[in-house]
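As written, the chains take the letters A, B, C, D and E, and residue 1 is the first residue of each chain.
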Amino acid sequence: MNPIIRFENVTKRFGALTVLDNFNFEVARGEKVTLIGPSGSGKSTVLRILMTLEPFQEGHLELDGIPYHEPGGHGPFKASEKHLHKIRCNVGMVFQSFNLFPHMTVLRNIVEAPVAVLKMKRDEAESRATELLRMVGLYDKKDHFPSQLSGGQQQRVAIARALAMRPRVLLFDEPTSALDPQLVGEVLGVIRDLAQEHDLTMLLVTHEMRFAREVSDRVCFFDKGRIVEQGDPELLFSNPQQPRTREFLSSILGEPAPARESLRRVP
Amino acid sequence: MNPIIRFENVTKRFGALTVLDNFNFEVARGEKVTLIGPSGSGKSTVLRILMTLEPFQEGHLELDGIPYHEPGGHGPFKASEKHLHKIRCNVGMVFQSFNLFPHMTVLRNIVEAPVAVLKMKRDEAESRATELLRMVGLYDKKDHFPSQLSGGQQQRVAIARALAMRPRVLLFDEPTSALDPQLVGEVLGVIRDLAQEHDLTMLLVTHEMRFAREVSDRVCFFDKGRIVEQGDPELLFSNPQQPRTREFLSSILGEPAPARESLRRVP
Amino acid sequence: MMYGYAWDTTTPLTFAISILPILGIGLLVTLKAAAVGYAIALVLGLVLALLRRSRFRIVSWTVAGFTEFVRDTPLLVQLFFLYYVLPDFGIVLPAFMTGALALGLQYSAYTSEVYRGGIDAIPRGQWEAATALNLSRLRTYRDIVVPQMVPRIVPSLGNYLVSMLKETPVLSVVTVLDMLGLANMIGERTFEYLVPLSMVGLIFLPMTLICSALIYLVERALPKSGIPLR
Amino acid sequence: MTWTQYLPPLLKGAQITVTISLASIALGAILAFAAGIARTSSNRILSGIAFVYIVLFRGTPLLVQLFWFYYALPLIGISFDPITTGIMTLSLLTGAFGAEVVRGALLSVPHTQLEAARALNFSKSYTLWHISMPQAVIEMMPAFGNLAIQNLKDTALVSLISIADLTFQAQSMRNITLDSATVYTLTLVGYFIIALCLMLVMRFIEKKLRRGPAFPRSAHS
Amino acid sequence: LTLEDVKEAGYIQGATANEVPYGYMKEDGTAAGIGPDVAIAVLKRMGIDEVNWTVTPFGTLIPGLKARRFAFAAAEQNISPERCKQVSFTEPNSSYGEGLLVKKGNPKKLTTYADIAKDPSLKVAVVSGANNIDFLRAVGVKDSQIVIIQANADAPATVQSRVDAYAATELTVSKLAEGSEAVEQVRPFTDPVVDGKPVRNYGGFAFRPEDKELRDAFNKELVEFRKTEDYRKILTSYGLSEESIKAAAAKNVADLCAGK
């Protein structure tokens, strides 16, 4: 089967800074992949390119068979807005800072896009939203505004919002790192449930190592815009091959081992 | 010897909220006292009242023999500005967020008050400031602006600034809780040195339990505007008498004991 | 006598009272001009603000240059220009329309800045979330950006309404007689300027004060829907 | 007559416009600080006077104010020449608007700065001038820039009290030549150029004030 | 203000409105026109060589005088009983009839002010502060038909595109018609009849009532000067006819102020 995501010699620059340099990376359909790596290594950039939030300069990228660059495409994205629209139909993203729409209730946050984009009927969209809210355990908050929710609750709504668009690929960019430690668990719980879904491809950036080990099929260690090492989480964590990986893992997991893991998460 | 600070049935309200209710508290000359307690219990309020940043409504308070309320005093402080000026000559305060003056160099931040308030000669004030900067280890930064310093360095300057006024009582309101974990140590180091000074009375609000145990003569556990329990730090920490104290200490020190102490400090 | 109302100059007080109906007619003109001008400013300002964000440099620069030019030149001269020069090119707008248009143009340059600030204040994450949800540009503006922007910009927009009200007297140079223009006319006929002009000041003062108070009320009443404003 | 012949009288008018504008911006700034500080003062009388002044001048049209100062005040024996009247009126107007800017900027100085000053026992006036003001002034600059441009545009109205400013000269030229298009285009361009210069000056001042590392652009929140 | 004061100061403050040919500012910034030219000549005879001219909108001449902004106004204001109550006029300096400025070819076939009153759809412009508005109203023109412009110079553009006629004095109209191709002066024109008499204006110099002595001194020299050839030359150079000059000399200010 073809990979659902395929980066082929992708180069991404911010002005003079080259963040991805001839980057190659594939994700299979239904695979759950975690990206780890030091700050500034380009993890977010990979997700943002996939979400069409950032253009890239060179190389080939396709998602579910659709290439990002259109032949003869103009503008920074080298593709028409219509084409980008088609790509985005297959991807959803959950942000570090939730980015809920503050002027809409929880329900409307979820219903709005299916109605506007997928042309779903409003009551149909609402019944689906209700279902999703039940799944993330927030049905009783459906008429609240985001500012009335805790961070963990907001992030769960954000996940429901992304799911409402029925993406094939779901991207998570440090979904718990803006949360108070005691709220992290509830969000990870929801993601853990999602990871059970066979059809959904997940690409996850996180510093929650224990969690990454648990949910992912593959962990990729990222450094300076390249994948330095990747593989089965058990193997990678217990027996990293590269010195950079070892260094990074020991700094993240901390010297006195497991106890301090969650400490580092707080910025 | 008379206590240098004496709260006698002090009542402090914010509108309908009574924060201190018939509060009694004394600090002896040269004593180092740490206030601990849950958020909102009124610790900062005690310091802010002492610094004349907040008025109080009833009761008697004196510092170094000078009562805060003047007989026949008007306004919220029930005292003239001149009288408050006299009180403030004996107290200094170090804030959680440093509050350096951003438009002045480090040196001027320290020199300004002695010159403007104590009418010290500028070169005399500068030589004393230099001395203080040496003490806090920042002599080489004297011509920098606060924005060019790290949080820990800013806080050390703030301590030097407070000391330049030669206060008898120095108040610290969570002096390290706005700092990155790795910068906490340098500030605590400076305070630890200060604690050696025999003449200086120190009143400290902090969540650094290990540090409190080390420097203070007495620890007071504060809850809902009252001192629930106080005493020698070793005794209080190892064998708290009150259930509230025990609860609070266990939450602060964390279940898996010492290892997580520094974690909770980060808000 | 003017518009069928006679005046009585025996004492300043009777004079002031007798010219009130005439000034009232002028006040209507003032309010009408401000209403039309403000409507233009609100709509055109938004258009300019959006054009200024255009991806095409030529469009955004032209718009930037235009708003800057309009902002930096006096309304008085702009009025003359529109009224006396445009007819040379075959465009003859009625005097009132010229006045309202000039007011609207000048203030659209201001409001476009307000809109721009309002749009810039929308956190980047909101745009990105909208993109990630595949919302179209129009939808993003209509459903995400504008509703969040409005509560923030209402006070500034309101203040411009007040200053526009105060600037309507300039319209008398293009023959639109607002309250001040009529007061001047009364002065020219009676040779008594002090009373009519002071009356104009006295009428403006409570008007602008009330407007400011209304803005304050509207600002408070606007549904914030849980939007943290800072 | 070609357009180059229009230039000498227009330039003469522009000179007057610039003079009036600069003088009234300077005086207006002084008034703005005085009234703005008075507004934040705890002295009820001072703050009341400032309030009335601000309301009066912000709430009435400039044309009425000009007329008052030029034609009405002399009737009770107070008379200034046209240029002085123009400068005075514009200063008072600019000062009233500036006062609100000054007040806003003073109030935007973080509360904690004032507490730190109090803890160091600084007097109120020392705190105002050495702690609040240096930080507030930088906050004021963009708003002052806008006020300066507004002031320049308002000078056009002084032509109505027979000051031979740029607008007045334009009107005279047109009276003689009946060539509205050229005269008004030149006039608009004239104002635009003066405004650009004013803006450059204000930017320069702001940059000077910001100079050094004390106020990195994003330091304030 | 007395003559002594003026002589001591060495100069006098004069004002004129921007109205060709009665008084206006030339490109070089000096004042010209019937009023200023005659005033300068008369003042010279009085031993005052320097006049500081202010040009001010017509409507503000009288408030300016009252506010002591200048010592006299030389704008050929019509000597009318109402104005006499506010200011003190000299003997008439000129006399002029009324006129109408219309589009080229006079499409509405206007010959007098009363024609405008007959058709309520017509619009007529007058300059702010001028007394033509009173004549228009006297012959039955409605307020809604009248458009107030701020300066004479605005008239040709206004007549071309916005109104049907501009009502002003004969000379103003003729000067404006000379300057612009698209408009013309109505000829022959019948002066409006108000209170049974055809309207004729008598323009004089206005002083403050308090400065009676100064006015009298000026007046005396003016009367003398009117007899000279220089005077006639000034007036004819601005297009005034011999009859108008004679008509001015035939009236006196006391009668005009009394409404006779």
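Here is the rule we go by: a residue touches a chain if its C-beta (ideal position, glycine included) is under 8 Å from a C-beta of that chain, and two chains touch if they have at least 3 such contacts.
Quantities reported herein were computed from a predicted structural model and do not represent experimental measurements.
Within the contact network of the assembly, the step distance from chain B to chain E comes to 2.
Among the remaining chains, those touching chain D as well as chain E are C. Within the contact network of the assembly, the step distance from chain C to chain E comes to 1. Look at the CA centroids: the one farthest from the centroid of chain D belongs to A.
By the count of C-beta pairs in contact, the leading chain pair is C-D. Centre-to-centre, using mean CA coordinates, chain A is 53 Å away from chain D.
Rounded to whole angstrom units, the spacing between the C-alpha centres of chain A and chain B is 45. Chain geometry summary: the mean Cα position of chain C and that of chain D are 21 Å apart. Counting partners per residue, chain C has 84, 193 as the residues that reach two or more other chains.
Shown for chain D are the residues that touch two or more other chains, namely 71-72, 75, 180. Per the touch definition, chain E reaches chain D in the complex via residues 15, 18, 20, 24-27, 29, 54-57, 60, 63-64, 66-69, 151-153, 156-157, 179-180.
Within the complex formed with chain D, the residues of chain B that make contact are 51-53, 81, 85, 88-89, 91-93, 95, 97, 99-104, 112-113, 116-117, 144-145, 147-148, 161-162, 165. Contact residues on chain E toward chain C in their complex (touch as defined above): 59, 62-63, 66, 82-83, 85-86, 125, 128-129, 143, 147-150, 154, 157-158, 160-162. Of all residues in chain D, those touching chain E in their complex are 5, 9, 12, 70-75, 79, 82, 160-162, 164, 168, 171-176, 178, 180.
For chain D in complex with chain B, the residues that touch the partner chain are 112-113, 115-116, 118-124, 126, 130-131, 134-135, 212-216, 219.
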